[in-house]
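Look at the two complexes coming up: chain A is in both, with chain B in one and chain C in the other.
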Partner chain A sequence: MASESSGRTFQEYLAHHLQNLVYGPLPEGHERKFYAKGDTAAEKDSYCQDKGMDYDGSKYCKETLAEDGWYLANNKTDVEAMGFWALNIDTLFFSILLGSIFVFLFARAAKNFSLEKPTKLQCFIEMMIDFINGVVKGTFKAAKNTLIAPMALTIFFWVLLMNVMDLVPVDLIPYPAELLGVPYLKVVPTTDLNLTAALALSVFVLYLIFSIKSKGFIGFIKSISLHPFGPWMLPANLFIEIIDLIAKPLSLALRLYGNLYAGEMIFLLIAGMVSINLAELTLTGIGLNLAGIALSLIWAIFHILIVVLQAFIFMMLTVVYMNMAHEKFEQH
Partner chain B sequence: MNLNATLLGQMIAFGLFVWFCWKFVWPPLLSAMEERAEKIEQGLKDSEESAKKIIKAQEEADSMVKSAKSEAKKVLDNAKQQADKIVEDAKNKANEEKDRIVSSAQAEIDKEVVNAKKSLEKDFAVNVMAAVKKIVSKEVSSTDHDDTIKESLNDFRK
Partner chain C sequence: MDVEAAKFIGAGIMFGLAAIGAGVGAGVLSSKLIESIARQPELEDQLRPTYFLGIGLVDAVPMISVGLAFYVLFVA
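Right, the complex of A and B next:
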């Protein structure tokens, strides 16, 4: 199912799939554009008039807002006009849904925990707890902190579940949603920089808090100013340490985002090879379809690895950073 | 791709999930798992101990059976000895009884024989006397010949 089914070019299809469903404020006088359905100009014109809008002569119906208000963005210009105070509804919805599923499963297992007769779900959850506990015990040795292990568990499972959404065929959810009137839908929350940056920033905030808590504020300042060259090279120390500090959340956020975004992009490119327009199917078209199906299978199998690996890396680095935050400052 | 307020929303969501996990998921699961680990350890220890106990009890039972066997043998031997003694005693007693009965019978017989001899002697003497009386009544008085008869009787007795 690709571009032609919705009357778009392939570029538009790609751009459409990479756009979040944004809900935000639009100012009075902002001109909104909607995609006009129909084959001829007349059909498009009547489609626009049905919706109470003007036809712009080529592809879109347009509407000028009479007052300020919160709207669903319909294209890039809308999103840009909304600025910072806008929400990616799809990212929020899917991430919170998946996070709730995770929390629900684990909380239920904790509540129904049976020493004598474990269910299969409980066995799996115990295995996961054991695995996370092992990782945290092996890596986080600087101090005692009961928050680290549950946080690692949350990060691993939440990120894993969100990444797994990448294995859902690219049009399976967005296409029916579009038919139901949802203009854009990105189902993989980790392909949204907002989410990965939120996780990384949260981890970074905790890093700063625990650093200052364990080293003291003076100790923390010392650790970024007297390192690694000694007090005589203070500006160089500060420069290096601050870059090092900022690189932590940045690399966390961008690694996860980049991997999943690229993965999703490749799924989309492969999906572009597949056509369901059977009437116009040529021999080359059949070949391309088969190749697309085979490629998406291969990429999905390979992606299973990436999905788990990226979740694990995010969790692992978080634990490592937390360990660094808890280390006492030592003068070298 | 632009950063927007979603960032803040996600940070709040992340914080809530971590907090929930920290308070309600991790501690009960981990403590339950540790409890089970302890239980399993205790169970293994207990089973080891009871295995040792079983071996000890087996040994005890073996020694008990052994001593019981030897005791039984002793009792049996004693009983046999006693039985032998009883049989022996009975035999001896029987023999004595037999001897006594035989000897008393013998005495009886001897007495009978003597009596028989005596009565025979008497009868014979009477008969002889009667006969001799018949023969000699006419010729001699009985007093004259008593000595002779006595003499002959004495000879006969010999």
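Right, the complex of A and C next:
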């Protein structure tokens, strides 16, 4: 859809969809580039003149910043220049929005709770709570901790809602947003490594806290230094156990991110293939469009499995890690 | 070597190895599930969630590889 109307090639369409909306500080003297609209060089030049910028001769208008300040990034060089404080606004916005929807729905069901006349929402939520409760009871056996089941429920639903955004057609939200002046928009928060890494790091910090709480600080140090080979092989033990420790958040973050990113990528490839041929109503164009619709549908149906499964796996592994953290003595 | 050609070769290797790995993994997993159910049919309800968890874990790695292969092909 978007690729023909704004004159982008297939590659630019993909790159455009894979770029977050980033807001951050840019230094004085940094050169920014804007995409110039128009077909010929003269049109592009006048477009840049209208915006009060220079035309760089190929595809972009350029502007040199006169002072420091916070700006929306336009391309990868901008993001790199922003450094640490580059905020991915779209990820923040959609993840907080979906989290609020989750909290709002559950709070409403809890407020309108009734024994005689349960609503459909209440039945659904009771079913889900039963399901999560069953999973946690089956997996988390090391100690008593009433924090684990609510955390599992929160993680499952939040990640599930964020993953479900992947099933929204790829141009449905970004394209109108672009017409309204938002240059980039990624609607699936879990396709942003920053978010999955943040989730995994939170789980990891909880893992460390609960480990130290249940084993004691000395016990925790012992648990990572004294086995599997015994006290005489301390460096080797430490090496293995630290890799084991770091692999936990790393695999959690990369598994969720990789799956959703790959899924989104394939949706984008299908959409890109369709949109390229939308302008010409030839037989091949129509055929490709129909094939694209069919492929999108098939991939979406297959993707429902991945979306739910990845949310479930993230929750399940969190519970398993929490169980490991609560074990008094690790067994192997 | 031409960069474009190298991209296609690299992406092809990534697709192929991902497919082989996932195929072997899912095959072993499914065959063991069927074996277990054939031996002890009453355990089916307990085996199925574990099986899906395993399939999810097996499925993840090749999907990542395929996504990265597409990235190499079309974006990078």
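What we mean here is this: the second predicted complex is superposed on the first by the 324 of 332 C-alpha atoms of A that agree within 3 Å, B and C clash if a C-alpha of one lies under 4 Å from a C-alpha of the other, contacts with A are read in each partner's own complex, and residues count from 1 in each chain.
Basically, a residue touches a chain if its C-beta (ideal position, glycine included) is under 8 Å from a C-beta of that chain, and two chains touch if they have at least 3 such contacts.
Source: prediction; values computed, not measured.
Superimposing the complexes on chain A yields a three-chain arrangement in which chain B and chain C fit side by side. By the document's definition of touching, of the two partners only chain C reaches A:G263; chain B does not.
After overlaying the two complexes on the shared chain, residue contacts for A:I243 are found with neither chain B nor chain C. Within the superposed three-chain model, A:L297 lies out of touch with both chain B and chain C [touch as defined at top]. By the touch criterion stated above, A:F312 is placed in contact with chain C alone, chain B being left untouched. Of the two partner chains, chain B is the only one touched by A:W85; chain C is not.
In the superposed pair of complexes, A:L172 makes contact with neither chain B nor chain C.
Residue contacts after overlaying the shared chain place A:F10 against chain C, while chain B stays out of touching range. In the superposed three-chain model, the partner touching more residues of chain A is B, compared with the other of chain B and chain C.
Minimum Cα-Cα distance between chain B and chain C in the superposed model: 12 Å. For the contact definition in use here, the residues of chain A common to its chain B contact set and its chain C contact set are 18.
Of all residues in chain C, only 52-53, 55-57, 59-60, 63-64, 66-68, 70-71, 74-75 touch chain A in the complex they form. Residues 18, 20, 22, 24, 79-80, 82-88, 91-92, 95-96, 99, 102-103, 106-107, 109-111, 113, 115, 125-126, 129-130, 133, 146-147, 149-151, 153-154, 158, 192-195, 197-199, 201-202 of chain A touch chain B in their complex. Against chain C, the residues of chain A that register as touching in their complex are 10-11, 14-15, 18, 254-255, 258-259, 261-263, 265-266, 269, 306, 309-310, 312-313, 316. For chain B in complex with chain A, the touching residues are 1-11, 13-15, 17-18, 20-22, 24-30, 32-33, 35-36, 39.
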